[in-house]
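Before anything else, here is the set of structures, which you'll find just below.
Across the two complexes that follow, subunit A remains constant while its partner is subunit B and subsequently subunit C.
== the complex of A and B ==
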């Protein structure tokens, strides 16, 4: 037991500590979810298999006409695209010590503006419409982000409170316009946008399977690389990180804190805007009035799970997407309520947020073992309660 | 005009009890953005108790409401232990912990509501239907011109909340426990040196805040919404936090802030009806409290004095 304990502690203090924290969080979540499923009288193994089947990682038993494993896989990627972008948006603000809870609202406003301005314009060719949609997403989201940053440094309003307020304002405002001017009488949602403007190609035949191809995925991966480059190699990225670690210290060393806050919040909003157009003009093609996309909150768990790394967030997004996207099939094949997907995401978030404590405990265990080793092996190691905790965490 | 006051007060008081909950937690040095989650989970426990008790005690029995409020307080306090565990024991970032709890609570209540409904009556509905609480008017006071509306058609819980807030004010400002609690948020090292247990005081504060938020949540479920469903998460918890900031972490001004929000909300709706606008326009007026919050924060945030140690995990070895 003791040996295993040290094994974990060494991993958690080593070079890939953050990766190990994520792995442990995922494992703990799977254990917790399995217990929950067992209590409900379901077999956890079949449940997790059906999550994977719903996303096209494993083959289902039978498929309807015109669909196959590839269809499910591409549907999964279609959902993954905006989630990657949204989590990158969270990371960009998070590095500056800002919590952008307003990603949902920024997504909604960008998606709404792009739908109204471009999505309903039937005259545009796809080669103009698609870049225009992206541009509108960037600008609208960016401006909303800049507003939050401005409120933060000029009026000292905590960004969590201001973004939540702006979320509700956007939700009611767009809901009002959709209900009055753009509503589809049959579905009570907004009218669908034109296929020219949509960032996902629908009804593409690959073999005999009807597939959707998310063009946004390329952009999402490109942005992930760009954000990674920004924080690794550029002065601006360094300044943002410095402000996030110690605002007063960076001010003394000559960094213009207010400007940095504005830029990082603006960038975060702009990426959230991209996520919004990828969601509303890609994954779906309508907007449900007065409902904020839950993806804005899922993105926080993705960012935490990826421990703030842009590249890591791609993989973390894939893990969260498996649960969210696979829940439909899981719920229909096993009869467990669909809400379990959000519950699993929540539990994942809970464990991921304990990451620092895991590292702290691991550091202490390592220190203790080195002390014991230096004292000589003649004395037996005291069974301290801390080391037991390190194991359970 | 009377309706503005009546509805305004019935919105403001549950908001106030949640704001006082947030205030207790923050005064003890634990930043609490989890109010939204606490109130939802508290309301869930209350509504669950009411749904279970309704067949036993007869529908429309008003005693159920008081039991539901009690259960909501206990449930909220139990759920707030997660926040305490993350913030006090595990030294997680307190803002992250708050956000995590809000996300978790939405998922938890949605999942368990449909699970409980399946177990009770076999339908996987995502809401508990509650009776609307009975109302009463105070005989003489409700006849006063202009402000008489404040005393007509009151819910019984409004009286409970007013009494509770007065007790809580006394507890925070006039007792030894309250003084130590406030000191924990300013200088926990001094509290420790004086021989009090910082950890225990912070735990107490977080659990009080959970219980109070739970009461606020079930009051909203019984008055404004009339059932328990995911629509309980409308951002009331965040509004309460905004009211607390606007009230500069002090119970008196916070009460005023809550009244302003309540009157803005009911006034906006009545204005919409009085102006004869179609029901589509209510969305614009529902936006009003949020816009007002932002504007007020713009004017009042600059001079604020948040508790000095709020947001920092307590570390005994630090000076």
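== the complex of A and C ==
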């Protein structure tokens, strides 16, 4: 027991501490979720296996015609793409100390605008329509973000308040237009957009399997690299981080704080806009009126699980996607309500946000270990081994 | 019965990465003023926090009146008649003085036999009597937010007296007071001693110990170095014991050589967020090669003057001219490029980004210029080289070199980093606000030397300090600020310390 504590402590204080925090958070989540599943009378092992089967990581027992493990895997990637982008959007604002809770709204508005302007235009060739969709996503999302930044520095309206309000406005406004002009009478959702505009190629035959290919995934990974570069290498990234960590000192150093807030909120919104088009013109291909995508909120847990690292968030997004995307199959094969996926994501968020506490505990354990070691045999430290055990538990 | 009223035996207290107290044993006699002397981080406050029950010692024991006690909280300590005045007062600002004093031990009554009721009138009377008995005049019905710092301190002392404390701990009580207020406080402490109370005084100001204390324990790096009878020790002895080497109290100051005006402030008025004029119609000029010191009690508009010159707050009216250029409406960066650097009062809130590394903090004035960045891309090698150079020149101690996270460094080394960064800009005006706040003697000596060096280089120095001794020692010209107004500006030779102190209290005709 003691040895294991030191093993963990060493990792949590080392160079890859953030990575280990994420790993431990995931393990703790699996343990907690297992207990929940046991209470419901289900076998956790089967449950987790079915999550993985639903995402194409493990083979299912049988497949319907024209589908296979690869189909499931590509479906999973199709869901993963907008989630990666959404979490990058969150990270970009978060580095500037801004909590962009409006990613859902920014996604919806960008997705709606692109659907209406490009998705219903049957005359455009795919080589014009797809880039145009991306461009509209960037611009619409970016402008929404800039508006939030402007409200923040000009009228001192906290971004959490303004984004929540704007989320509602966008949700009802787009809902109104969809219901009045673009509704599909059968599904009660918006009409589907043309395959030319859609960012996911559908009905691609690979062997005898019908697959979807998410083109946006390349863009998501590209953006992750760009965001990573922005914060590691550029003057702008340095200024955003400075503003995020100490606004007053940034002002003192001559950084134009309001401009930096506008830029980072604009960038965040633009990336959220990309997430929006990847979601509404890729993953779903239709918009449910008056409903915000829960992905906008999931992106916060993803960003936290990835310790705010752009590259880390690709992997964190994959973990969350396994639960979200795999929940359909899990639900149908085990008969557990699909909502368990959101529950697990919530637990994950909870443990991931304990990261600093874990690092603190680890630091203390290391401290005590080195002290006991250095005290050696000359002085015995009474009662301290027991107390250490108690604390590290 | 033991000879001592308070005895702390073999106390050891560890914090992560540091041993705050290492096998410290002290004994305090009833009715004496016992001083704890030491530099910052020597472990004085930690030791007393354990006596007051805020921490528990890892090893060792505490005896009160010869009996071993274990304090789990300050409530336990208060039950043994121990009281403490903290460096940062613990008062509820919107409450009245009386309400603050009785808070937690309110005189309770039962109205109609059942309703609990605080009899605040009775409390007011009790406090009035108590304050007269000890010469600590206060008006029990004033709100804390409306009274000055010195009165707040009296309230803290009354709080201890009201709770019947016999052993009183004062943590750096004079740090916020003017010379006259310090005299008054020391008088009060003397009265308390005559009344049979036992006083423990935590301080790093030796002059005060010489004036009031009977005995003095010297701590250095968590260890007890010596316990001296104050009457038999010289100031120099105590200082050397505290620092662990020979200390120089005065700086060799060359005669000033004034050059052209560098900074001209004309009729500057600054308003705070409530539209209140915190700086009123202030005018002064600082020449190259001159140290212009602004003296004043904290909160009289000093920081606002510095912030207005540096561009962190807007001037409501008036003009600021730097090197002949009107910078009143310019953004911060423009002002810096015109020739201004600024060592702000608050190291962590304004002067640095504590969670960034030392090298990033050292480059805050330069990062956007070549060679630190080229076409918007940061050059991390340049950051590192520059940091290595400054660490060497300014003797900045840091565990992991340029990669040290600033927060993990000691206050003194953080200040060295800021001073180094700003001096390295070689600007024509340097603003120092409270440059030695919270630093120990060795570090203070160093910063004073650097200020004089910069003056002799020909820079104009604007020094804003609450430490009157610092002002008197360094200044060529002194301006005294009271409630946002510059009451008097004169050459330092023409003013005595007492005179400056009186102006600081708002007396116009000294």
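Here is the rule we use: the second predicted complex is superposed on the first by the 376 of 393 C-alpha atoms of A that agree within 3 Å, B and C clash if a C-alpha of one lies under 4 Å from a C-alpha of the other, contacts with A are read in each partner's own complex, and residues count from 1 in each chain.
Criterion: a contact is a pair of C-beta atoms (placed from the backbone, for glycine too) under 8 Å apart; a residue touches a chain by one contact, two chains touch by 3 or more.
Since this is a predicted model, take the numbers as computed values, not measurements.
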Of subunit B and subunit C, the chain that contacts the larger number of subunit A residues: B
Which superposed partner A:164 touches (first subunit B, second subunit C, both, neither): first
Touching partner for A:187 - first (subunit B), second (subunit C), both, neither: neither
First (subunit B), second (subunit C), both or neither touched by A:332: neither
First, second, both or neither for A:300, with subunit B first and subunit C second: first
Partner chain in contact with A:176 - subunit B first, subunit C second, else both or neither: first
Touched partner set for A:291, first subunit B, second subunit C, both or neither: neither
Contacts of A:238 with subunit B and subunit C, given as first, second, both or neither: second
Partner chain in contact with A:203 - subunit B first, subunit C second, else both or neither: neither
Subunit A to subunit C touching residues, read off their complex: 233-236, 238, 241-242, 245-246, 248-256, 363-364, 367, 371
Complex contacts: residues of subunit B adjacent to subunit A: 33, 82, 86, 90-93, 95-97, 99-100, 103-104, 106-108, 110-111, 114-115, 124, 126, 234-235, 238, 241-242, 245, 280-281, 283-284, 286-287, 290-291, 293-294, 297-298, 301-302, 304
Contacting residues of subunit A [partner subunit B, same complex]: 40, 99, 101, 151, 155-158, 160-162, 164-169, 172-173, 175-176, 179-180, 290, 297, 300-301, 304, 337, 339-340, 342-343, 345-347, 349-350, 353-354, 356-357, 360
Subunit C - residues contacting subunit A, complex: 14, 16-17, 310, 312, 331-333, 336, 342, 344, 349-356, 360, 364-365, 367-368, 373, 376-378
